[in-house]
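Next up: the structures, one after another.
Below, chain A partners chain B and then partners chain C, in two separate complexes.
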Partner chain A sequence: MMKIEAIIQPSRFESVKDALREIGIEGMTVTEVRGHGRQKGHTEVYRGREYTVDLLPKIKLEMVLPDGLVNRAVDTILKTAKTGKIGDGKIFLSRVEEAIRIRNEERGENAL
Partner chain B sequence: MTTAARPSLTPGIPPEKNMQGSPTPLSVLGPQAEAERQRIRQQFEAGTSARETLRALCELADHNVQQIFGELLRVHNRDAQGLCLLALGGYGRRMLFPYSDLDILFLLGNERVEQELRPLISEFSRTLWDIGFRVSSAGRVVDECKRIEEDNAEFHLALLDRRFLAGDSALFEKLDAKVLPASEKQARPFLLAQIHRLTRERLTRFGNTIFHLEPNVKESPGGMRDYQATIWLRQIVEEKRGIRNVTAAEEELSAAAVDFLSAIRCFLHYSNARNDNTLTYELQAAAAERALGVGDGVARAPAEWMRQYFRHARTLNRQLLRYLEQKAPVPLSLRQRLFNAARSTKSEPAGGRYSSVRDGLLEVVDLPSLSDRAITYSLFAEAARTGTPLSREAERSIGYILTHPELPPKNTQISWATLREILGSDYPGVALRSMQRLGLLTEVLPEFAMIDSLVVRDFYHRYTVDEHSLRTIEHLQELAAPPDERGAHFVPLWKTAERRDLLILTLLLHDVGKGMPVENHVTGSLAALDSAAKRLQLSPEEKEEVHFLIEHHLDMSATVQRRDIFDPATVSAFAQSVTTLERLQRLCLLTYADIHSVNPEALTPWKAEMLWQLFVATSNHFSRTLDRDRLHAPDEGSLLQRVKAKAGQATIEEIERFLEGFPRRYLAVHSAAEIAAHFELYRKLGTVPVQTELLATRHGFSLTVLTEDRPALFATISGVLAGWGMNINKADAFANAAGVILDTFHFADLHHTLELNPSEAERFRKSLADVVNGKAPLEPLLKSRVSASRARAPKITVETRINFDDASSAHSTLMEIVTQDHPGLLHEIGSALARLGCNIEVALIDTEGHKAIDVFYLTGQGKKLTTQKQELLREVLQGTLV
Partner chain C sequence: MKCEGWKCSFSLLLVLGAILFTAIPLSAQQPPPSLAAPPTMMASLAAPETSKTVSEKLTQLDKDVKAAQSSADNAWMLVSAALVLMMTGPGLALFYGGLVRRKNTLAIMMQSFALMALITVMWALVGYSLCFGGDGHFIGSFEHAFLRGVGADPNPDYSGTIPQLTFMVYQLMFAIITPALITGATAERMKFSGTVLFLTLWFLVVYAPLAHMVWGKGGLLNASLGGKFPTLDFAGGTVVHISSGVSALVCALYLGKRTGYPKQPMPPHSLVLSFIGACLLWVGWFGFNAGSALASNSLASSAFVATHFGAAAAALSWSAAEWIKNGRASALGAISGAVAGLVAITPAAGFVGPMPALAIGIIAGAACYWMVTKVKALFGYDDALDAFGVHGAGGTIGALLTGVFAQQVINPIFGADKPVGGLDGHWSQVGNQLVGVVIAWGFALVGTLVLLKIVDLITGVRVPEEHEIEGLDITEHGEEAYNLES
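Entry: the complex of A and B
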């Protein structure tokens, strides 16, 4: 099992979610986050006051998938989250040792 | 109260071995109790009333408690002297629901008895558990009941519902007739304070509203706890004051509400097989199908049945709030008293003769006057203006008048002017809440009835549609002092928003379509606007604005969530759809309030920030692209026709010549009627070269000036205004292709010159024309006034900031000045610009409290300003404005 963490543009979230659903991935955790990588923030002046947005709004998706589905999920995120501009986000993959469904204590991929 | 968890059974001893020697062993008692429970349930499901069901459940519990207690005394070979059992709380009131706990108090004569009887008490509780009763017990020596346990208010409150169950009746008599009456008298302030505290905490936990989509019929506002708290308050307060004037009709409504909610609670317990009081969507449908609590057996749609629920919940909640309001348990602090006194003095003008302010609430002074609906509405206008809510007693008085036809109502039709006053005030929600509770909101706006108590199943929304709509308005008025960081950015938007009345009307109507059989609720809401606008006689411009806001009320939220708001193309497209800065401001506030009212967590700081960023970017887009988009008159066919219709004999060509080349913003900020009036002034320029129009507005005056362009014109006009003591709050300066200048100034008449002396208006206009035409000097007019004003030190200091932008406009240099506002400021800036040879192509002048925010589109000899000119201008202005 692998955990996918994808940081994406908020404007791409609906498309990414729909595309993942189309390949059979329904479960995910979504968090509103702020941050920046190479895409630095910018300053906007409004009525004489400077508003510096150094941490840009992003959406973080987290999902744990069986190994067989990971590549398709990554491809789907890449395809749908990409605009080609700085700030499109990143995908992080990490191995997950165990998953347990709290309701019935099922374990492993059955719990996903 | 102190509760005991289920006592563990003695290891190794099966339950049936307890109460050894009893003629009615557990093996018999248990099944008997269970069979009786089933019988009661079947009868309830067959239609027996909740009241009967609760009585039967209580009798079953009483019977078993008494029997087991008696058996245990016999088995332990002792009498009941020094020990008795009391039912407390709901069980004490004989309102025992199927899966509720039995609250039982073991009352002991002294501590020695407590030691002796501990095994018996333990066995008693265990035995009840074993035959299916959930026991929540506490033990007290009788003298302990005198003492107030400040950290255990719940116990003292439960004790108010005490009822003798079994044991030493003399001991109960002692407690009931001697010990508690004396201590309860002393404890009254404590108990009242605790009821207030616990109730307020509970109501706050549920957002202070009965209108939850899936309410908890016990804990939510309007639930059974409201009834229970009311009973306690009546018990405590009325003992002191004598019976209050609760009418028979109110008692009847209250009894019906208790019966209805009791039926639901029994149903929920049976359906969930546990003490779970959440009325979920599924159970709403099941209850509606069997017409639960209604009694006619006719199946209903869940939404319709839920309206009955809310009607009853409203009765119980209203009753509780009235009692809570009657007695402030904690003396008011000096600050609160001063605040209330200040409010009292402020409250005179509108409803002064008919109302007064007491403890921060509006009270009705002259009850019979309420049959005149105009007076009633003036009370609401007062509430909306000052933020002082009507007291529950005042609402009750109005409610009485509304429902008793012996006092014939007068002036029942509300005018748009009166409604505007309520909607456009600082605290419209304060008035609208009361109006909703009294049914007056749906009288004024019958379209709102379509969403009255309407449950629409939705994963995100927490409240009924009407509640959501009213909350949007309350979230906006809350911006006067926002409770958390989410609102911080939006405070100035609310404070400076124009035509708030239209925004609030939009919020009342924006979801009305959810109560209509239409595919898309926005279509329904727009149809509701059609009927409301016709009835209230909104002007075409007012209707168009509300129409736009309803139609696009989801656009800003959708743009924030689905578009890249940092992409200039997104901002440009959004700005194009919104058309004006004023509209953007209203749409932003609407979106803020709409998201905020979905549920308490819906507007995250993240979303609030995104919304703000889109607002800022779009606002800047508007102010930086003003001269980019200019009117090409022949393309404006519909406008030309509308202006022509109002302008009499003029030809289309004449109108085209007038409009050609104005920035598109000119159309956005002026109605067709205003443009027609401007056109009339334009036609007279040939005979009188300076045309002016002076109008009184809600917040002061507006002055429109049309004339041929000439050097230092803007500085001259603003100088005359300053000389007359007028403070400019807002201004637009436009020019058409033929060099005709159209400047509009909105100003406050600081010395009430025009307000108190209408004849001065003509002198003012002549003075302006003379100075502009060079027939009179400006300086003498200006000198005394400006120097007197400058002598006063400002309360808040605003640092001067000057920014130049060469990128936004193809033809001009943008100069944005943010500085301390003061009378004569624009004249100073305009004069400096004129001295340095800068021509004002477009100007946008605004103020925000003590801050002036001015944007000028400048050219020098028809071109953008050079860098050197910009630096020189900065230096001169910094020197002038500091």
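Entry: the complex of A and C
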């Protein structure tokens, strides 16, 4: 089992989610986050006072998948989340030891 | 439709009751003129002298006309009173509420709301009397304390056609919003206890004397009821805006900067709230300015138009200044400009025509933009929500420009054919305006400083730094504006 964490542009979220559903990914956890990588922020002006906003809004998708599905999921995210501009986000992969479904205590890939 | 017996008879009873209820008061409320009419007609049949009947008829007609005028004026003035209350809550509460950080939203709204209740009670006890009782130079009397003698009869000194009760409650709404404006400068760091005590004392010591001096009979600055320096202030440029704006500056200086200002960013937490608040202020201002005609007459129309034009012109000029400076026009800039224009047109509303109103708005919008962006940064005081930059500066500009643009054709306040302002060639009026402005500034400066010292000794004025960081909603009121997990 692998965990995919993808941090993407909020504007790409709907397309990424739909594309993932099409390849058969049923569960994901979505969080609205703020952060920055290499992308610069912007400035806001309120009654003449300037603020630099360097933490920008992003969407974080988290999903744990059976090994066989991981590559296809990564390709799908790459294809749908990419705009080619700085600030498109990142994908992180990590191995997951165990998964347990709380309702019936199923374990491993069955719990996904 | 199924109808159980007891229910049917019950609803029948209700209907009958309703008919009786409406019928009885109707007959009891027949206006006296219709009762009085038959005897007049009888008299005309009985008495042959036609001249007498004509004069009686004319007297009756005169009475009826007066009653009709009184009804019309009273309707407009009651609506105006409600509009001015709407300016404080929700208008100002939303405008200021959106400009603070989210942790201080309820605290600033609560200050406005507390004043709605507090000043109302103070007004009933002594406030109205101190503003509008007697004919002293500096302050009213206790003539109307506990609203003694304030009833259905008009007070001919101020408004001959509406019940004094209406005049009293209308003026009350001004006394509520004026101290509420000051909370814009003390925002995010002043104790609730200190705020309540300070603003109550401020109302008695600064507002009441100024209101009497400018609007009260015999007041030093009154323009139409025997003042020494006739200052034109139609709806409160000196009494409301200079007094609150200058006091706000003193408060900001006395309290000191918010922790972290100006290094830490403190952007408004919801400009949507501020936007709604500003629009409510704009609408409410029609009651504030056009209502200050104290009658539903052509002067009210003139003031309504001037108010609207002033606000629009100032919204444009602030936005234009911003566009030139930053390359963009912001929503906050547009609404701030509108409020600045409304402030500046307040003293002038009942004296100037539409074109001068546009001019006043354009000047005020650009000048207040310069005050809050340049002057504030230059001196480094933390007028958190720009109560001084908008009300103090806008009020001063408006009061002086009233002396320039006031015209006898709009409001012959000094008597028929007597020039009023600079446009009429009466340039010395600008000097009178300056006297009014200087007195209002001086009074607000000294009064506020003394009161802050006193309040500081009794309750303290500033919250501890930990409370300021945690936010006044939780530390002063024990609640949060946005409980996102509930």
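Details
In this section, the second predicted complex is superposed on the first by the 110 of 112 C-alpha atoms of A that agree within 3 Å, B and C clash if a C-alpha of one lies under 4 Å from a C-alpha of the other, contacts with A are read in each partner's own complex, and residues count from 1 in each chain.
Just so it is clear, a contact is a pair of C-beta atoms (placed from the backbone, for glycine too) under 8 Å apart; a residue touches a chain by one contact, two chains touch by 3 or more.
For clarity, every value in this text was computed on a predicted model and none was experimentally measured.
In the superposition on chain A, A:E14 makes contact with chain B only, not with chain C.
In the superposed pair of complexes, A:I100 makes contact with neither chain B nor chain C. When the two complexes are overlaid on their common chain A, residue A:Y51 makes contact with chain B and with chain C alike. Considering which of chain B and chain C touches more of chain A, the answer is B.
In the superposed pair of complexes, A:L78 makes contact with neither chain B nor chain C.
Legend: residue contacts after superposition of the two complexes on their common chain; A:I86 is shown touching neither chain B nor chain C.
When both complexes are overlaid on chain A, the residue A:R34 reaches chain B alone and has no touch with chain C.
Comparing the two complexes, residues 44-49, 51 of chain A contact chain B in one case and chain C in the other. Against chain C, the residues of chain A that register as touching in their complex are 44-49, 51. Contacts from chain B toward chain A in the complex involve residues 492, 560-566, 604, 606-607, 609-610, 612-613, 616-617, 619-620, 801, 803, 816, 818, 848, 851, 853. Across the complex, chain A meets chain B through its residues 9-11, 13-14, 32-34, 42, 44-49, 51, 53, 56-57, 83, 87.
Contacts from chain C toward chain A in the complex involve residues 262, 265, 267-268, 322, 325-326, 328, 330, 332-333, 336, 369, 372-374, 376-377, 386.
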